[in-house]
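Input: structures, listed below.
Next come two complexes, and both contain chain A; in the first it sits with chain B, in the second with chain C.
== the complex of A and B ==
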């Protein structure tokens, strides 16, 4: 029953990424576009899983971090047109700063209150974006003048390799001593404290790391879409989709979150002919997965491997 | 530093709301010494331990570890200064192996340590060998027996080489062989020069091990000395020892429903897979009667009660006032007045005492509910004092009283009590016992009590059944029990 070694999982994942990186040779730009979005979603979901699956904190506001990253990068580009990499870096840093401001007080409260605090943060950000329309584009959305590249294939590769690197870092972290302490803090904070671990420090670190990757992914995705709107980056439903992706992918697995994200995006595309019904069907399927396979896709994969 | 006791506690006080859990507690444990901190449930001994470890913040007083004042520090700092705790309930990481669980305790509190020290593995294995876990290093905790889970807790606690070691109820749930092995281990830890504080219910369980004993009662120290001295102490004896057994059984012929008893269980059989949990069990209870079912753990008491409550499939017949209960749902049976207080207590711990009671009286009209609560407060005066407190903050005995009181809010015809004394200290038993006695004398309630503790089960009973290995092996009056069964059972 030993779980597969960290290096082995990373090697298998790398092999899959390399194979998938040849997709632009064979599939249409439209599908590449979908996958590009799915990969960014995968990073959102992985970052969320680090907080929930390991630190044990349910963050209902992943979009607070993502939105902060996306809008910071976009607004900066709108106002001053610095190099794009600078906008992206600023987006990631802003998400970290926002994450710290949110987490410091939120981590002091216990249980469901942390989740509620993060939920309220999303609403505040959403309202701010709507109200400060001259700066943020308000309800219409923010147009971002620059793009990294207009090539579908290049955008696809950027998203894919960004996801691969983020996944490798988050996964390695989750399997490291720090990941172990995080799990202990998440499961039993009293005991972790009695073993000499500063629980708040570790949870805060997890929040910062989660915020960094969320903000970075948000900023990159904003440049890919060359726009940012409340509906794509901040709305509560986006956050819920991220959470569903992480859970059906397999919580506490980090990498499973990517499978969940691709599943969600692919499904809503395949079911598009159903019109308004499509979201309903996707969510119903997610519910079935959560109820029948609490280990998620990744849990199913690793389980069959262990038996075989 | 040699002149310091390793652990010095002085004037330590902790209040929870209006309840003073620990009152000006003073104790010292020297290096190479084991101090037993004993006290009945609710005496505050576990709170003392949590205060020392920084899990709860003291309201007043001082805690010094090797001369350093740590009162009010967060627990991770106290841990790093050299204190370790073995919790009563083991809560290992279930997705990790035993070895990884021990390694966890060896990790530094640093965010920058992304790779474990290569020596960590070796040290974890050495600790595992010391506590006797070498054979199961690669197993997951869920697959291990209880004693091994306790060993994991000890291993984690000693991984950081603490100079002060706190152990909560070291032998709870262990067999006598396991207890002996554990005692040896604790002695070794003392002989390494550590200060060890053992917390337990009674002196007997730790007498062999401790150098000194300190007895607590309702937050205060009542005695200190060698195990013998404390056991001889008058106050301690009064707190721990209840009165002698007196029985007040009413003869069976005095009940009016002699021909058709209120509840009649005939040839009851229950299987759990291949195991026979009950075999041809027949018992009956008259209206207004107090019947005790006595039996050791695993004899089938809970199974019998669950069958009566409609929670289990069974063969045989259970009749209430002549009508078979077969086919009725558990909810119907309970609503019609057969109410079970299960072993687990099942209180709503975040709700107040009053809210728990109100919930039990949901189906009653408001006036009747208020009347019932007033009556219950007379039966259990302590609940009146505690009514605004969350149920989870009550001591074990108070929780048990609340459980019984909540069941009584449903105005049961038959009250089934499953092991109400589980884990309770003698002084609490006496309080519950008195309440049951008043209940018996002032109401016409019918009670079916399941107990291991004979001294608790006999005094109130009109009749006694002895359940052994799924069968009723004896039935009779409590006076006859001592003569016919007593020597074998006690």
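== the complex of A and C ==
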């Protein structure tokens, strides 16, 4: 993995993105819609990978940040109808605030304890959304009156390039000295501190960056779906799917998370004929990847490159 | 005054059930450092087996309960041999990363079981035919005998577990392994044998807790997540790895939930316990009786 330089990987990724950006010319709107969702999911998974893979924070609650972003944007649009970009920006900012709230316990408690705190954060947000139904739409979900565009192709390009830019930023960050410090503080916070690195500052930064991209992606996806519901943005199963995407894609690789997300969405679509059993098969495949190929898809790719 | 007794009695039964469920979870973590996130799924599997035996094979309540416990036991050992052990012994995964791989894998395994149960037996709630029926009056509160039965069985099982761990040779090996795994291997005890013993005990606990829960409240495949989360929360509140801490925490959470349900609204049932959990983690991150 070290062998491939950051610029080279980014150039390859850019080439792939450019090729994929021509898909709307030859693919049906239905498949574009699926991929649009997969790309947003990819951003969720990459943001999670930064926080977990690098900073070592066991975060079971990616949906706390995503849900905060999506619901803030949606509720704002519902109440005042400001320009959409303002709603999206507000969603991202709210998620950043959520990230800071989530970071506070992380600076005090570690490992499974922090993992539980994030789980609790999700449950509290979920309870709040369900209880405050007049504002949030409760269990039925929130309808968002405005859309960015109704064109499948345009929505696809927005998601694709948003994912590409987020991926480039997160990947470059993970390969930068900051990424190394994060990795060091994730593995041994005391030693990293003893080497003179400000662990607290870096961890807080990781939370803020992860929250920013999660919230932004959540808000954009809410506008794409023109609705927000607990089942799509907050529920723990959504968080689990994000974690699975990042792990089967390859932890600590950032870009692998995108592969995992596309795999998950594509598989649940391909296996749709199996009906209710399809989820079972998808999760079983993910489990096999975790058990047999702990490096994930990205690990397999880079390893075969080294041999070849 | 009746309300007071009602909360006291209802809270006691539900708390005992929480205690039984969380004890197994704490045991596994204390001995092998494994947080088993398929906990809820194993419990639901036991309930559904007991329900299916009674509802579809028309066996009596005792046989149904026994089948449920056996399935819980088998599912627990299957989890160990299929998921946990291969990861623990894997040479491809770095030692410090094993914890997260076990978390992810057991989570996936739990969701798989959940999906399979939903596929085979639908998402509908299942209630197991109770062994004890009827109603008795305690301090003016009409209490189902089943509730008393639940509390008694929970405490009997916990007592047996205590005897097993403190008075038998295998149990003492388990206890020693929870204190110092390397020391145990130096004494010539095979650590993997200890793990198998723990997962077997855990299986019985999960089976019994599941079947009792099925008789008391009933479960559906949707209960998998909340059951895991509540066991996790209780164990963290009590202090990871501390069984007595988990017992105390189970009563704190059980009573807090019952109080909220009766005095405020059942809709807010879980919220105060969650807030308490967050507060405890700020003030005392290692839980009530935690060692690490």
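By our rule, the second predicted complex is superposed on the first by the 305 of 308 C-alpha atoms of A that agree within 3 Å, B and C clash if a C-alpha of one lies under 4 Å from a C-alpha of the other, contacts with A are read in each partner's own complex, and residues count from 1 in each chain.
Here is the rule we go by: a residue touches a chain if its C-beta (ideal position, glycine included) is under 8 Å from a C-beta of that chain, and two chains touch if they have at least 3 such contacts.
Everything quoted here is computed from the prediction, not taken from an experiment.
Steric overlap between chain B and chain C is present once the structures are superposed on chain A.
In the superposition on chain A, contact is made by A:195 with chain B only, not with chain C.
In the overlay built on the shared chain, the residue A:177 is in contact with chain B alone; chain C does not reach it.
Contacts of A:290 after superposition on the shared chain: chain C is touched, whereas chain B is not.
Of the two partner chains, neither chain B nor chain C is touched by A:101. More residues of chain A lie in touch with C than with the remaining chain of the pair chain B and chain C.
In the superposition on chain A, A:12 contacts neither chain B nor chain C. Judged by the touch definition given at the top, the superposed model places A:244 against chain C, while chain B stays out of reach. In the superposed model, A:140 makes contact with neither chain B nor chain C.
Of the two partner chains placed around the shared chain by superposition, chain B and chain C are both touched by A:187.
According to the touch criterion, the shared surface of chain A, contacted by chain B in one complex and chain C in the other, consists of residues 187. On chain A, the positions that touch chain B within their shared complex are 1-3, 172-173, 176-178, 180-181, 183-184, 187-188, 190-199, 201-202, 205, 252. Those residues of chain B that touch chain A in the shared complex are 53-55, 74-76, 79-80, 84-85, 87, 91, 93, 95-97, 100, 103-105, 107, 109, 111, 113-116, 138-140, 156, 159-160.
Those residues of chain C that touch chain A in the complex are listed here as 35, 83, 86-87, 90, 92-93, 96-97, 99-101, 103-105, 107-109, 111-112, 115-116, 118-119, 225, 229, 232-233, 236, 240, 267-268, 270-271, 274-275, 277-278, 281-282, 285-286. Remark: chain A residues 52, 58, 105, 108-113, 115-117, 119-120, 123-124, 127, 131, 187, 236-237, 240, 243-244, 247, 251, 276-277, 279-280, 283-284, 286-287, 290-291, 294-295 touch chain C in the complex.
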